[in-house]
Amino acid sequence: MLKHFKSSSRMKGLPPGTLIHIGEQKTQQVKMSVMEYNEGHFAEKDIIDINEALSYKKTSNVTWLNVIGLHDTAAISKIGDGYGIHSLVLEDIVNTAQRPKTEDFEEYIYLVLKMLTYDENKQEIDVEQVSFILGRNFIISFQEKEGDVFDVIRDRIRKSKGRIRKMKTDYLIYALLDAIVDNYFIILEKTGDRIEDMDKALAENPTPKILQSIHKLKQDVLFLRKSIWPLREAVNSLVHSESGLINESINMFFRDVYDHTIQVIDTIETYRDMLSGMLDVYLSVVSNKMNEIMKVLTIIATIFIPLTFIAGIYGMNFEYMPELKWKFGYFGIWIVIIVVTVAMILYFRKKKWL
Amino acid sequence: MLKHFKSSSRMKGLPPGTLIHIGEQKTQQVKMSVMEYNEGHFAEKDIIDINEALSYKKTSNVTWLNVIGLHDTAAISKIGDGYGIHSLVLEDIVNTAQRPKTEDFEEYIYLVLKMLTYDENKQEIDVEQVSFILGRNFIISFQEKEGDVFDVIRDRIRKSKGRIRKMKTDYLIYALLDAIVDNYFIILEKTGDRIEDMDKALAENPTPKILQSIHKLKQDVLFLRKSIWPLREAVNSLVHSESGLINESINMFFRDVYDHTIQVIDTIETYRDMLSGMLDVYLSVVSNKMNEIMKVLTIIATIFIPLTFIAGIYGMNFEYMPELKWKFGYFGIWIVIIVVTVAMILYFRKKKWL
Amino acid sequence: MLKHFKSSSRMKGLPPGTLIHIGEQKTQQVKMSVMEYNEGHFAEKDIIDINEALSYKKTSNVTWLNVIGLHDTAAISKIGDGYGIHSLVLEDIVNTAQRPKTEDFEEYIYLVLKMLTYDENKQEIDVEQVSFILGRNFIISFQEKEGDVFDVIRDRIRKSKGRIRKMKTDYLIYALLDAIVDNYFIILEKTGDRIEDMDKALAENPTPKILQSIHKLKQDVLFLRKSIWPLREAVNSLVHSESGLINESINMFFRDVYDHTIQVIDTIETYRDMLSGMLDVYLSVVSNKMNEIMKVLTIIATIFIPLTFIAGIYGMNFEYMPELKWKFGYFGIWIVIIVVTVAMILYFRKKKWL
Amino acid sequence: MLKHFKSSSRMKGLPPGTLIHIGEQKTQQVKMSVMEYNEGHFAEKDIIDINEALSYKKTSNVTWLNVIGLHDTAAISKIGDGYGIHSLVLEDIVNTAQRPKTEDFEEYIYLVLKMLTYDENKQEIDVEQVSFILGRNFIISFQEKEGDVFDVIRDRIRKSKGRIRKMKTDYLIYALLDAIVDNYFIILEKTGDRIEDMDKALAENPTPKILQSIHKLKQDVLFLRKSIWPLREAVNSLVHSESGLINESINMFFRDVYDHTIQVIDTIETYRDMLSGMLDVYLSVVSNKMNEIMKVLTIIATIFIPLTFIAGIYGMNFEYMPELKWKFGYFGIWIVIIVVTVAMILYFRKKKWL
Amino acid sequence: MLKHFKSSSRMKGLPPGTLIHIGEQKTQQVKMSVMEYNEGHFAEKDIIDINEALSYKKTSNVTWLNVIGLHDTAAISKIGDGYGIHSLVLEDIVNTAQRPKTEDFEEYIYLVLKMLTYDENKQEIDVEQVSFILGRNFIISFQEKEGDVFDVIRDRIRKSKGRIRKMKTDYLIYALLDAIVDNYFIILEKTGDRIEDMDKALAENPTPKILQSIHKLKQDVLFLRKSIWPLREAVNSLVHSESGLINESINMFFRDVYDHTIQVIDTIETYRDMLSGMLDVYLSVVSNKMNEIMKVLTIIATIFIPLTFIAGIYGMNFEYMPELKWKFGYFGIWIVIIVVTVAMILYFRKKKWL
């Protein structure tokens, strides 16, 4: 998880607007595909030649251009130029260390956020940066790798499910955003399960391993928080955009996404509080265990050390030790031993150690 | 308690506005009942046919339609369509993971909040989501299961107690809200009792079990906080609604509810602080107990280990050990033992360990 | 202290505005008294008949009606009706679980706050709710029990000390508020003394009892905070009241009270920080003590356990043990013992344990 | 330090505006001195007769009247009356428990703040309350005792250094404020030195004494914070005063003072964080030491207790113990002892305790 | 690191505007150089005579005057006078204890911030104060020592890379600011690496040394926070400057810098949280280790102390001890020993200590 926190620095000395891909390369080759539709019409194709991608700028249908892979900065630069996107925005698109934000240009809106998926194999949260350019009739989305989160939207477009085919780009951007935010709930559910498992393990048998897990979970939650927290503000400024690219009639859909985002943040904060509480419990349990260990040691030592001393006394080899010659000396010693032991046990009872 | 924190995710891939019931199903069958009244008139009946429920839309009397059970999404969808409610609102109504909020549509206001009850059997707080649609002449309430919190209001309407029959839907929504918030105080009282019991137990005999209880209580309080905190904002935007559905003359009643909500939140915050304080005390008490155990061990060991050594010396079998032959050797050893013991005890006294 | 935190719930099911006394009954019988004055005139009397209390509504002099005892809801209801006070306000007056607040009605202002006194006998802070109704020419104050905080004001009115007789009700409400806030400083002083005593005791001899005291003090400070914190806001909205009941020329007196309130809150916050600090110190001191105990145990055990082993060796009864027959065997053993002991002591010196 | 936190309460029952000196009396007798100047003119004298002090009210030159000693409330009352100062302000001047604030009257501005000096002898921070009345052509300053912080300003006036003689009272109040705030940096430097010393001592040899020092420093920093924090707001409202007593051309000087105040507050916050960090380190170091002590004890005990047991076995006096008669029995025991010891040491190595 | 926190106080008693260099002297001699350019023209030279530096004030080309070394206050004063800079600004320039801020004069803007570099040799963060005066056609920058952060900008100007030569001073100030903020990411990366290393070391073998490192890192992060946090505000007021010195078309570049600053602050906050988490883990690990040590001690002691007692009993020299004469006495003792040992081990198993 830690790696996600590390900031990467731009290549020093380069003029602003120079495209440098920062982040892991997660796909082999840049892939592009386009969907173009209105209520009656639908077309979908993969794009090989970048020039083809540029041809959709003037279409009057809704066009969604999806770009997978950010490392080919030349291609992205060309698309950017074709669609009139500012070089600083392009720089942000290829730098995967962005925090979620909305930037409002008059001609288009730039929205960047994090897509999160839980990798069951590696048992960790996977993060991917997704950027959107929302123009008058087009949306360009930039992803780091192929993912299935958007597939359900593609399906809805293809099959004309719901109202999506009747709506404009503002509804499409909502649908994409909604898909990403909905996906956060799956991460939260997963995280909630892990917390619940840990809570149970904590009650049953708290091992040092649990501490490591709590620590890891705390870092995960910290990371979720860092990735999602700024999204609230980003969605908010998207809604209040003055560009006219988002129709007022759509507002209530964005308000819904906004509510979901707050719900996610709320749950994250609750998780943080719970994990802190679990750490406290863990420490207390460890401390209690220590107490119990000390009690056993103390009881054993406190009973037997004095007895051993008594035995030691009569193991001495002094020539003149009258007790050794007493007929009931040995028997008497046993009585002393029993009395001492019983007294000790009563004392511990009183102290509530037994 | 933990389960309440777990977020549930919508069925991925479905278009927004698709009704999916999220949450436990708490009742067998959807039940509907309606109350219709004005100052002089009163009618009440259970509704079997949904179409009947729709007929109240145009009535000029105050109509309160209560729906129990959220899992029959078809029925809820039909009601929603009949009363012209947005599909996103219907989606929220059947998803029990909402945080309290008010949404202001021009024709109606949507209010969702949590009803809390303390389940004496399970010894835990029970949560239920309640949604209200406040229209011009009607209120529709959606509950997860049958509960008695609203019964007192029904009674007041039936018997025309207080001013309720003379007032409009805005007063009715206030009365319902007030009943729910008043109920929070019972939960708080219960929680306060549990904290008080624990504080007493902590002073008398702090066991590891208490730690578990503090932990559980903290999670309960955390959960209360999460459920009630956003209500403040929701009540506030209800009052400032621009829909004209709430008459200004009613404002002071809502202000009263608002004050109560703040009072509840205030008390929750105080409980949090107190529970933190109790955890500190618990840890200190445990640590003190450990100290005492260590002191006993140390005193016993420190006195007897040197004495055992002395006894060990004269238990050696060297041929030439002059002391063994001294007449008062054994007697002298006892003097040494007593002197060492007394010196130790004085030392411990000085250290304030005895 | 804990009991002050417990919230009480209204009788469920009653219509809003139903007067139910919530809280302890602190006085036997409701007592009423009235003061009526202007610059030249002064009259004071106890009131037996409630109707008499109502007769002061139309007087052009400044009238201060003081009601002691909140359990006689019938009487309070009658006064409230006579003076045209909203039933929700009356409900708040008799419910002692209010947080300090100001409510501005056009005809009158409702102000509720907490009067605090330190009960030397019970060694705890005593809380009483005081409500004020500020009208055009009258003030009605509601107290839970007889107290002397207002006596000095009565005296000033009687003897026409200061400007009070020349001023209107707005100055009188200021004077009453000022008396209550001034009284907070006495509580703070008392609390400060207790903290100082504890700090001294902590430095000298930290016992587990101190922990209990810190815990209790923390709860007291928490309680002070809860009682006084909202007053800031209440005084502020009193000053900014739009009712015209408070003359602008009086503002600077209220600003003075406001400053005092902030000073009180400031000191409370500082106390909280100090108590947290003291808890840390206490825990460290306990931990240091433990360390010292462990050191003594370790030194004694580390020196004598090996020596006892050596003695044990030569206490064995093997037939062939050449050392036992050496002439200087016993003498040599003593040398070994001394060497080991000295080596151990040097080691402990190096470790800075001695 | 603790004493600074204790709040003092006004004499209860006295009408507002009654002057009561609250605080320690720090000087024998009230001393007054006056400076009067413009660009060309300069006069300075000590004042014996209070009436003389009043004569400067109408002068057209800049007049600075300095009053040292707050216990002579009669004198201060007379000055206050002469200059038309509100009695509540006079009450604040003689009550040394004020928090820094600015109060804007139309005719004059009242500014109160804390002057801090580090007393090298007592090793503690000394606090003195300083009040200013800024009028059209005069400034009256009230101090608790004679101090040298203002001497540099007097010197600049006398010798006409810098622009001070060319400017009005607004520049003079700035110069005085600036001198006080500059002095805070000396306190901070001192405190920084103490923290640094402690950090070094902590790294070298953490003794319980250091804990006491950290605790004391934390209280000092807490006190600094309480004294300086509200000054930010006070300076801010001084700048935004609507009285016209402060010329806009001077604003940038006040902004400078404001920046310095923020810098001071910033450093105080950093000190707080650092002291918390040091406490953590101290506790960890103590805990590590404990660990080490335990390790030594455990190693010694774990090696020798089993060995002593072996020796004990062959010290028994059973008649039939074949080993005792073996020729190499004693030799064999030594081999067993060495094997056990080596095994133990290897075990500890593996555990990284050695 | 600690030294960076220590505040320095101005020479007391000097009039405001007196230039006193506060801070370490980091360079031998003041060096000045100038760059003058427009789209077609470019000139660069080192300046020896200060009068030459003043001649650029009226040039219509973009002029960047860089001054290295702040200790020669006479030179800086002369430049300041020549360019009409307020003496308080000059005072701030030579006092290296400033917090980042923007001050807007009508003729010029003053911007001060911190340049950070990681010194690999000393293993610590190096801080340098950089001040900018942004005028109509000129920028004056003041540095403490020669550094290479600006070299890349110089290079871009010289080689006319990017748009820099076509733009005005507002773009140049952006470029300089951007270079400094970009450099922060390198510090963050370095710090992130150190945290990651520590996290790994913590998992493998937590030594007390790690505690020292966490402590040091926490102080470093605290210092970063203090140095960068106010920059957010400074950049913000730079953008909203009303002087007209910054063209609106440049705003989006500043917004980019602003975003980067927030990203930096975000990461710093995350680092703080992570370091707190690591401290918790460290403490828990130490506590677990202690537990384990105690367990070993307790197991060994609990098994062997009773056994040694048994051996001690039969080492006594009583004349009448029947067991000693039994044929299988010795054999029986061994059985007892084995039984006791096995019982103990089973008990420990049950307790989950083994």
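All chains are identified by letter, namely A, B, C, D and E, in their written order; residue positions are counted from 1 within each chain.
Note that in this section a contact is a pair of C-beta atoms (placed from the backbone, for glycine too) under 8 Å apart; a residue touches a chain by one contact, two chains touch by 3 or more.
These numbers were taken from a predicted model, which means no experiment stands behind them.
Chemist: Using the touch definition up top, find the fewest steps from chain B to chain C.
Modeler: Each step joins two touching chains, and the minimum needed here is 1.
Chemist: Along the shortest chain of touching chains, how many steps lie between chain C and chain E?
Modeler: Each step joins two touching chains, and the minimum needed here is 2.
Chemist: Taking all residue numbers at the chain D to chain E contact, is the shared part over half or under half, that is, same or different?
Modeler: Answer different: the two copies use largely distinct residue numbers here.
Chemist: Could you tell me the distance, in whole angstrom, between the mean C-alpha positions of chain A and chain D?
Modeler: The separation of the two C-alpha centroids amounts to 42 Å.
Chemist: When the C-alpha atoms of chain A and chain B are each averaged to a single point, how far apart are the two points in Å?
Modeler: 26
Chemist: Chain C: which residues touch two or more other chains?
Modeler: 287, 290, 294, 297, 301, 305, 308, 312, 315-317, 321, in rising order.
Chemist: Mind listing the chain B positions that touch chain C in their complex?
Modeler: Answer in residue numbers: 151-152, 155-156, 161-164, 174-175, 178-179, 182-183, 185-186, 188-189, 192-193, 195-196, 199, 203, 252-253, 255-256, 259, 262-264, 266-267, 270-271, 273-274, 277, 280-281, 284-285, 287-288, 290-291, 294-295, 297-298, 301-302, 305-306, 308-309, 312-313, 315-321, 351-353.
Chemist: Can you name the residues of chain D that touch chain C in the complex?
Modeler: On the chain D side, the touching residues are 2-3, 5-10, 12-18, 86, 88, 92, 97-99, 101, 103, 205, 208, 211-212, 215, 218-219, 222, 226, 230, 279, 282-283, 286-287, 289-290, 292-294, 296-297, 300-301, 304-305, 307-308, 311-312, 314-317, 321, 323-325, 327-330, 333.
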